[in-house]
Amino acid sequence: MNRPSEQSPPSGFRARLHTVIFEADTPAGRAFDIALLWAIVFSVVAVMLESVAQVRAGYGHWLHIAEWVFTILFALEYVLRLIAVRQPLHYARSFFGVVDLMALLPSFLSVLFPGAQTLLVIRVLRLLRVFRILKLGHLLGQAEVLLTALRASRPKIIVFLGTVLSIDVIMGAVMYMVEGEAHGFDSIPRSMYWAIVTMTTVGFGDITPKTVLGQFLASILMVMGYGIIAVPTGIVSVELAAAARQPLDTQACPGCGAQGHDLDARFCKRCGTALDWAPSRPTG
Amino acid sequence: MNRPSEQSPPSGFRARLHTVIFEADTPAGRAFDIALLWAIVFSVVAVMLESVAQVRAGYGHWLHIAEWVFTILFALEYVLRLIAVRQPLHYARSFFGVVDLMALLPSFLSVLFPGAQTLLVIRVLRLLRVFRILKLGHLLGQAEVLLTALRASRPKIIVFLGTVLSIDVIMGAVMYMVEGEAHGFDSIPRSMYWAIVTMTTVGFGDITPKTVLGQFLASILMVMGYGIIAVPTGIVSVELAAAARQPLDTQACPGCGAQGHDLDARFCKRCGTALDWAPSRPTG
Amino acid sequence: MNRPSEQSPPSGFRARLHTVIFEADTPAGRAFDIALLWAIVFSVVAVMLESVAQVRAGYGHWLHIAEWVFTILFALEYVLRLIAVRQPLHYARSFFGVVDLMALLPSFLSVLFPGAQTLLVIRVLRLLRVFRILKLGHLLGQAEVLLTALRASRPKIIVFLGTVLSIDVIMGAVMYMVEGEAHGFDSIPRSMYWAIVTMTTVGFGDITPKTVLGQFLASILMVMGYGIIAVPTGIVSVELAAAARQPLDTQACPGCGAQGHDLDARFCKRCGTALDWAPSRPTG
Amino acid sequence: MNRPSEQSPPSGFRARLHTVIFEADTPAGRAFDIALLWAIVFSVVAVMLESVAQVRAGYGHWLHIAEWVFTILFALEYVLRLIAVRQPLHYARSFFGVVDLMALLPSFLSVLFPGAQTLLVIRVLRLLRVFRILKLGHLLGQAEVLLTALRASRPKIIVFLGTVLSIDVIMGAVMYMVEGEAHGFDSIPRSMYWAIVTMTTVGFGDITPKTVLGQFLASILMVMGYGIIAVPTGIVSVELAAAARQPLDTQACPGCGAQGHDLDARFCKRCGTALDWAPSRPTG
C-alpha cells in the first residue's frame, strides 16, 4: 500500500495529474475522489441489481450499458494512474494497483464467459480509498490495532484451527457411520460440512441427526463447540487489551531511548537511568 | 432528555400540575406515574392481543375501543404536559416529548391506513419513564457505562462493520455464481442475506448450499464468522474493563504523586500520606 | 442453604440419625449419601425412559412400580430428615427441604393428573448434594464466584435485558406488518418469538422472512444481535476478572483491619498504617 | 508423549533406524517424516473419497487397493518403530504409539465388519507429528498455554456444565409436557436434545415449539443460553489473560523486592537496581 513516487514530485502535466488523482487535499483532487467513490458505489449496485430477475427483465439493457460505461471510465482512470506516477510498475504491483486492474477484468471476461460480470463486485474493495477522502486515517489505525491483535495471536489461532479441523474430520467420519446415507450424511465430506455447521453454532438444519446415538453425539459436539467458541474470543480479548495498553510506548528513556516502560516506572528497565516523571495518561 | 423549566418552578396551577405529572416525589405524582405505566403496559398488550387472529375474532371490538380510550387518555396527558411546562416547545422537542407524540399518531393514521395501529407498540419506549418512578437512577448510570463503552469503540466497530459488509458483498456474489438460482441463491441481494445469516451464526436454513463447492465455501465463511464474532466481544470486553477501571485514575497522592488508588482509599498506598477524601462514588 | 441445628448436636437416636443422614464424614453417613445419589440418578433415568414410547410399551409396568418404590423411599427419607433435625420447620423451609418435598409431589399428583409424574425430573436438583459427598466444596466456591460475578453485573444485565425486550417488541411489530400472516408472522407475539430466535443467533428457520424488505430488516437485526451478544460476554468477563483479582482480600491492615488492599500496597489505604509486606501471591 | 529411550542412544543399526524414524534433524530423518506426512494425508483423503458414492462407483477398486497399501506401509513403519526403540513397550504405551496402532486396526476390522475402514480417519491424529518436522515447537507451546488456561478453569467449567445439564433435564421434561409428541417432542431424551440445540444457539429447526406456551418457554431458554454462553467465554478470557501475565511474577528486585517487571527488564523500575538478567523467554 506504499504510494508510489512520493520522494520527489513529478513536474508539469504529470505533477498536476498526480495531485488530482492520487491526493485529496486540493479541491480538484477531492472532487475527483468523491466522483470516483460514487461511480464505484453505483457500479456495484448495478451489478447487484442486474442479478435480480425482475430488474434484469425490465432494465437489463440499460444496466448492461451502464456496466460498460463504468468499465471504460475505470479503464481510463487506470491508464491515467499509470501515466501519473513515475514508476508505473510500482503502482501496478501495489495493493490498490492490483485491485484496480482486477476491477476491470470481469467485464472483458464476460464477453467470453457470460455471467463473469458478477465478479465486478470486487470493485467494492476499491471503496477502501474512502479512508483517504474522509480523512479517516484514525480508522485505518484502528484496523491496524485489530490486525496487530489478530497477528499476535496467530500461533494460538493456528492451534485452534488445527483442533477444529481434527474434530471436524473425526466427527464427520463418526456421524457418517452412525447416521448413514439414509439421513443425509451421504459422504464424509458432507458429514464434515454438517460438523462445521454444528460446531460453529450456525445450525442450518438441512442435515440433522435422526438416530438416538447421532443426536447424543451431536449434543456433545454442540456443547464442545460452545466451549470452543470461547477460545478465539478469549484470545482476541486478551490481545486487544494488550494492544490497548500500548500507550506505554510514549515514554522514551533519556539515557538509552528504550520504550515500552510501565506507567509507574521511575527508572529505565534497560539501563537504569531515572525517567522524567510525567503524568503519562493525561485525560484517559 | 433535559427536563424543561427546571430553573425556576412555575407557580399556581401549572406548578401543581408540573409536580404531579413530571415528578415522582409527592404521593400524587407517584400515583400518577404508576397509573401511567400500567396504562402504557395495558395499551401495548392490547395492540399485541389484537394481532392474534383468534383474539381479534372474539374481542376485536373491545380492543378497538380500548385502543381509542388509551389514545385519548394519552393525548390528554400530552396536552397537560405541554401546559404544565413553561417552555412547551422545549418539552415537545425533548426525547420523551417526541416519543409521547409518536405514541399517539398511529391511532389517527389507522383511520386512513388500516393496520397502522400496529405501530402503537412504539409506546413501549414510554416505559423508559419507569426509571424515574422506581428510583432506578443507578440503572441509567449503568446504561451510560455501556453506551460509553460502545462509543469509545466506535472506530473499531466501524472498521468491523466495514469488514463484515465487504465480506458479505463478495461472498454474496460468489455464492450467487456457484449455487445459482436453482438452489435458492436467486440474486446477489438474496445471497448477501444468506451470507449475513451464515456469518452471524444464525443459520435459518431457508437457503442452504447444495453443491460441494458451495458447501466448502460456506464452511470457510462459517469458521470466519466464528472468528469475526470474537472481535466485537473482545472490543466491548476491553472497553468495559477500561470503563470500570477509569475512576481510579483521577486521584494523585499529594505526597508522592502516586496514582491508581482505589475509590475508597483515604491514604496513599505507597507513602501513607492522607489523600483528599472525596466521595467519588457514594454508595456503589 | 443453611444446615439446620448446627449449633449444638442433638443427642441419642436423633444424633445418630442426623450424623448418618446429614453428614458424610462417617462410613455410615457416606454409604447413605452414595446410596441416595444412585437412587436419585436411577429415579430420574426411570422417568426419562418412561417417556420413550417403545420403552413404555415394553417395560411401562416395571417403570411405574420403580417410580412408586423410589417415591416411597424418598418420602421415608424426608420424614427421617424431619425427625433428625431439632427444628423441622427450619429444614422444611431450607433450599434442600423444599426441593426434597417437591421431588415427592409429582407422583401423588399423577394419580389425579396422569402425566404429572414427568415433573419428577425435579429430582435432578437433589443431586446438588453430590458436592458434599465428593468433598467438592471448592466447586461450590467456584459456583459462588460465578454467582458473585453475575450478581455484581445485575444492573448492567437488567439494562441489557430491557434493551433486548424493547428491540424485541418493536421488531416483532414491524416484522408483523412487513411480512404479514402469509409468511408465518401471524401475530405480534409470534413475531416477537421470531425476533428472539434471530437476535440470539439460534435461527430455527421455522419462520423466516420472505420479502426483500423483511430480509433486509432481518439482516440488520442479526448484525445487531451479533453486537448485542458481545455485551453480556464482556460484562461477565470483566466481573470474572475482578472476582479473580479478589485474592487482594488476604491482607488485613494490622491497624484497622481493613481488607482489599492492592498487591503492591505498603500502607493501609484506610488508616495509613504500614502493612507487613509479604508476598501475597505465593505460587500463583 | 515422552519420547522413549532418549537417555542414551542405541547403537548400530537400531541407532540409525532411530535417527531416521524418530528424529527430523538429519536429511534422511527429515525426508522420512515428510514422506510419512504425505502418506497420512493421502490415506485420510482416500478414506474420505471412498465415502462419496460417485467416486466409489468409479474408483472404489483402486481406493480399496490404496487403503491396503497404506495400511501395510504403516504396519511396517509401526514394527520398525518398535524395533528402533530400546523399550518397545514404553513406545507402545505412549500417546503416539497408541495412535499408530489404532490407525492400523480399522483396515483389519473391515474384513470382519464391512464399513469399519471409515474409522481410518483416526490417522488424522498422526498428523500431530507435523509439529516436529516443521519445527513448530512454539505452536505446541501455544497449545499448552490454551490447555493450561482450560485446566485452570476446570472447576468453573464443571460447575458450568452441571448447570447446563440441570437446565437441560428440567427444560427437556417441561417441553415434553408442554409440546407433547404431536409436535416432535416425543420423549424426554429427544426434548433434551432440542434443549441443547437451542441453548447452544445452534437451532437446527428439525424440532420446534408450536404452542404459544412452548414458544414462550423457548424464548426464555434462548435468552438464558445467550447469557450462559458468556460464562465459558469469560472464564477462558480471564485465564488466558492470567496465563499471558504470569511470567512477570517470577522476578523480584534484589534491591527493593518490587515485582511485576517486564520480561525484558534489566533494571528495577522502582529503584533502578540491576536485576539478574535471565533469558526467561528467548525469542518469542
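Think of it as A, B, C and D in the order they're written, each chain with its own count starting at 1.
The working rule: contacts are C-beta pairs under 8 Å (C-beta built on N, C-alpha and C of every residue); 3 or more make two chains touch, one makes a residue touch a chain.
Small disclaimer: the values here were computed from a predicted structure and weren't measured.
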| item | value |
| --- | --- |
| Option reproducing the contacts of C-D, where over half of them reappear, out of A-D, A-C or B-D | A-D |
| Same or different contact residues where chain C meets its copy chain B, judged by the half mark | different |
| Most distant chain from chain D by Cα centroid | B |
| Inter-chain centre distance, chain A versus chain B - centres from mean C-alpha coordinates, in Å | 30 |
| Gap in Å, rounded to a whole number, between the CA centres of chain D and chain B | 41 |
| Touching two or more other chains - residues of chain B | 189, 192, 201-205, 229, 233, 235, 237, 241, 260 |
| Chain D - residues contacting chain C, complex | 155-156, 158-160, 166, 169-170, 172-173, 176-177, 181, 186-189, 198, 201-205, 208, 212, 215-216, 218-219, 222-223, 225-227, 229-231, 233-235, 237-238, 241-242, 246, 249, 257-260 |
| Chain D residues touching chain B - in the complex, by the definition given at the top | 201-205, 233, 237 |
| Touching residues (chain side chain B, partner chain C) in the complex | 44, 47-48, 51-53, 115, 118-119, 121-122, 124-125, 127, 138-139, 141-143, 145-146, 149, 157, 161, 164, 189-190, 192-193, 196-197, 200-206, 229, 232-233, 235-237, 239-241, 244, 260-262, 264-274 |
